[in-house]
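Letters are used for the chains, namely A, B, C and D, taken in the order the chains are written, and counting of residues starts over at 1 for each.
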Amino acid sequence: MRLFSTPQLNPASETGWRRRWFDIIYRRDTRPSRNFDLLLVYAIVASVLVVMLDSVQHIHAAWASWFYVAEWGFTLLFSAEYALRLLVVRRPLRYALSIWGIIDLLAILPTYLSLLLPGAQTLLVVRALRILRVFRILKLTRYIEESGILMQALWRSRRKILLFLSLVITIAIVAGSLMYVIEGPSHGFSNIPASMYWAVVTMATVGFGDIVPQTTLGRFVTSALILIGYSIIAVPTGIYTAELANGMRQAEAAAGRRRRDDRGCVVCGYEGHEPAARYCNRCGHELPEPLEP
Amino acid sequence: MRLFSTPQLNPASETGWRRRWFDIIYRRDTRPSRNFDLLLVYAIVASVLVVMLDSVQHIHAAWASWFYVAEWGFTLLFSAEYALRLLVVRRPLRYALSIWGIIDLLAILPTYLSLLLPGAQTLLVVRALRILRVFRILKLTRYIEESGILMQALWRSRRKILLFLSLVITIAIVAGSLMYVIEGPSHGFSNIPASMYWAVVTMATVGFGDIVPQTTLGRFVTSALILIGYSIIAVPTGIYTAELANGMRQAEAAAGRRRRDDRGCVVCGYEGHEPAARYCNRCGHELPEPLEP
Amino acid sequence: MRLFSTPQLNPASETGWRRRWFDIIYRRDTRPSRNFDLLLVYAIVASVLVVMLDSVQHIHAAWASWFYVAEWGFTLLFSAEYALRLLVVRRPLRYALSIWGIIDLLAILPTYLSLLLPGAQTLLVVRALRILRVFRILKLTRYIEESGILMQALWRSRRKILLFLSLVITIAIVAGSLMYVIEGPSHGFSNIPASMYWAVVTMATVGFGDIVPQTTLGRFVTSALILIGYSIIAVPTGIYTAELANGMRQAEAAAGRRRRDDRGCVVCGYEGHEPAARYCNRCGHELPEPLEP
Amino acid sequence: MRLFSTPQLNPASETGWRRRWFDIIYRRDTRPSRNFDLLLVYAIVASVLVVMLDSVQHIHAAWASWFYVAEWGFTLLFSAEYALRLLVVRRPLRYALSIWGIIDLLAILPTYLSLLLPGAQTLLVVRALRILRVFRILKLTRYIEESGILMQALWRSRRKILLFLSLVITIAIVAGSLMYVIEGPSHGFSNIPASMYWAVVTMATVGFGDIVPQTTLGRFVTSALILIGYSIIAVPTGIYTAELANGMRQAEAAAGRRRRDDRGCVVCGYEGHEPAARYCNRCGHELPEPLEP
């Protein structure tokens, strides 16, 4: 997966400032690189908070100009970061077209676009674009070490879950069409897409209650739909649990094999003995004392 | 299960156009058969989209005549496909009575019926029948190879899930009756079937909010019902997860056995040795070196 | 568990009609006993349906007298069955005090009580008692063979699930009290019990929407409560799945041991060989050919 | 974890009343200590009930003075208990700063504070503080022996569940911002925090229905959000189930190892043989016959 691949240094300069910044941005084990990561995380969270608070009317009324300044401050900071990344990596285009590269770009673009598209009539569009800055928070996940196992289990079960979703959508089409015929537009089921929306909301046990069956037959079909949804909600859970348990078992087995490998036979070199074995499995020579775990 | 059985060629003509079409329709590995499958999937999705969009009032107002033409186009296409399937399979009746045969028929029947049953007063009935065309999308699942494991796990756990559903229905009857007595018709619990509908909606954690307890005792019973539902929602998940993990373990064990088979004994031909074995299990002759995995 | 214990014949008469009826009621393998079971199941379902339909106003208006007759018919039938069971079992009192004995009694009592407590003012109470007749359907589960594994897994995990429920209730008390203070009676959180009802409805992801937070702080606490509930909904599922997988593995292992045991060594009598073994594990004597599975 | 650590006796007096009370409060196996625990549990439940009932208006009107007396009675009882605990443990400060110490203090503080902060205008604040007394019920969990396995599995999976929660919050920010732009304040999505509240309520399948999408695009995004939530609801369940199954397998393996230990070699004393072993693993001496399990 390109998602987790490590970028390589721009070969133009193995030494100099590029080298230094590459180490700061992409390595984890030095003090400056850790400070850089932390600074970035704080900046991302703060910029998302600004967008969120700016949307609350009475806060916007009082702080609008401050938020405007902060907005441009964050945009310039992230622009500098984006430029730096482009300069130091070996293949800038590859970074620019990767998932993170696109998110990094989308996080700065809306503020610049708001300069090009001024005027009251385009405010809504600009607001829509600015919202995309929220995607910055997605960067956060990059900094969390532990997400690997969970993500890999999700990734391995992606085809099964997609299949499951297509089953859910098929049921939603059939149930939505049925309810559209049974209840009709007068009870809120105004067309098949709206009925499908209702079917998804119902089957996934959300149940907003904005559209609700009112005929006896409609309620009967709804109960059946709910029980079907209740029965197959097990499917993604089952898939994911099985995959995760599998992954954890493999990780454990690998750790177990590594533990065995520690004591190779000094005569024939055979490794992989039982932790309690005292003689080599293969040639009979005495093994070294096992280490305390 | 007849659901996944492979149909056999009509013996009347082992060669000629029947043979050719049978290969196109039922085999997967040639280019024309793959094109046929893809064309069918596109046609099914497009026809379902037409039915869905036709139900939206303002789209219907503008495009009604186009949809009418598309409707008949799809119907004729699917009719030709249905006829072809009947002609080339060995036992046409068996296909016609199979699940897919019935769905294929239901997918074309409503459009023809709309000719025989004209008039404004029957419009609703015809619409109901036309909805059945949506079942076409169910055909899609036939074309997805990977659904096997998921379906088999569901199939193996069908009895346990049915048992669980009957338990849910029993609780719904008891809880619905109780709430009908406690809350009464004035609070929306107008009769036992309606109360049962409410109990199913509540226990499955959908919670529309169209019927809601208003007395203290009613709220207490509701809380108890919710906690019961919350506790037993684990049951179908547990059943399905256990079955799926079982199936995956068996598949893995089978794969492991196949891997063992790679090293047969050169003397007695016995296969299925332990990966670490150095001598034949059966005759004692030395085995070839195991390959690196 | 007394729930699944088999009753013993009344010793007073090893032969005669008691013996015959005991076999019909409590055994499963003869034709008359199977017919008796089936008749009873049909009668239970039919009597429940009568109670349910009788609660629907417009059906009651048209069919009240028929339902009255059916009601008494079922009551007399079930009374006869109850008397029979009391007569043929060895210890009638034990049956009468068992779970099924009490349910059997509750299923016939309300109709008789409606004779003793006539008058318009007691109608509601009688209706409440009549509802208990619905418990008849609980008898159904007795007739389903397969429920064993599921019930045993539930039974083994009962303490863990009770503990989990007490955790849920504790969180409901704390969250309910908090919301009562934050939102107050004017927003529907009229007292702590009502707030607890809301907390249970919310945490279990039912979400009726009859009581809803309206302040920003209230919505924040609600989001936190939902995320907590979302995280611990895993607990009962995990408990039950682990117990069920455990039970299935044990059943499989037991079956595997039985399969191995089939071939004992003719010399030393040792059992439990690998299915593929050709010589005795213990004394080296040749084993008999393994049977085809 | 300090949560489950056992406190040590105050060394100042190994004998005398401190010793006696330490045994009563912290040990489990004597009759007085069991009575003490039971009395405390009853007192906690009763005090919580009083707070709850006092919040119901018509009950408060009739019983206010009785509740006032009970309130002070419980407060003095718990104050005495708190003082006792401080006196008998070896390091009182450590207890006072532990989770349970803080809860014990919070459970008595509000009643005293209501003396210092009298007056109608502060009633609401005091009520808020009094609510904290409900935390007493959290003490209950301390007295339940069996919670260990469940809590440890939760504890082991805490990092994975936190990671999952941060993913849920990220999705809530993105989806909430999107819906704020699509639906806007006129449809109830008045600002991004409110939209995020809606996104959490929807994704966790609670679905109050107080805020609901009304445009077609909004409903489409909602359906997508629901399906995403429906797919990843598996994650915490999978994590917890895998951890719990892991814990149970380890407990079983430990029990199995203990079972093996039963047959030690009479010559070299080595324990831990395979159940089927006939000779000592270490010195070759014949082992005693294995006992029937």
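Going forward, a contact is a pair of C-beta atoms (placed from the backbone, for glycine too) under 8 Å apart; a residue touches a chain by one contact, two chains touch by 3 or more.
All of these numbers come straight from a predicted model, not from anything done at the bench.
Two copies of one chain, chain A and chain B, touch each other, and the residues they use overlap weakly: the shared fraction of interface numbers falls below half.
Of the two chain pairs considered here, A-C and C-D, the higher C-beta contact count falls to C-D. In whole angstrom, the spacing between the mean C-alpha positions of chain A and chain C is 41. In whole angstrom, the spacing between the mean C-alpha positions of chain C and chain D is 29.
For chain B, residues that reach two or more other chains under the stated contact definition are 164, 193, 196, 205-209, 233, 237-239, 241, 245. Across the interface of their complex, chain A is touched by residues 48, 51-52, 55-57, 124, 127-128, 131, 134-135, 137-138, 140-141, 144, 146-147, 149-150, 153-154, 161, 164-165, 168, 193-194, 196-197, 200-201, 204-210, 233, 236-241, 243-245, 248 of chain B.
Interface of chain D with chain A (complex): residues 159-160, 163-164, 166-167, 170, 173-174, 177-178, 180-181, 185, 190-193, 196, 202, 205-209, 212, 216, 219-220, 222-223, 226-227, 229-235, 237-239, 241-242, 245-246, 272, 281-282.
Residues 205-209, 237, 241 of chain C are the ones touching chain A in the complex.
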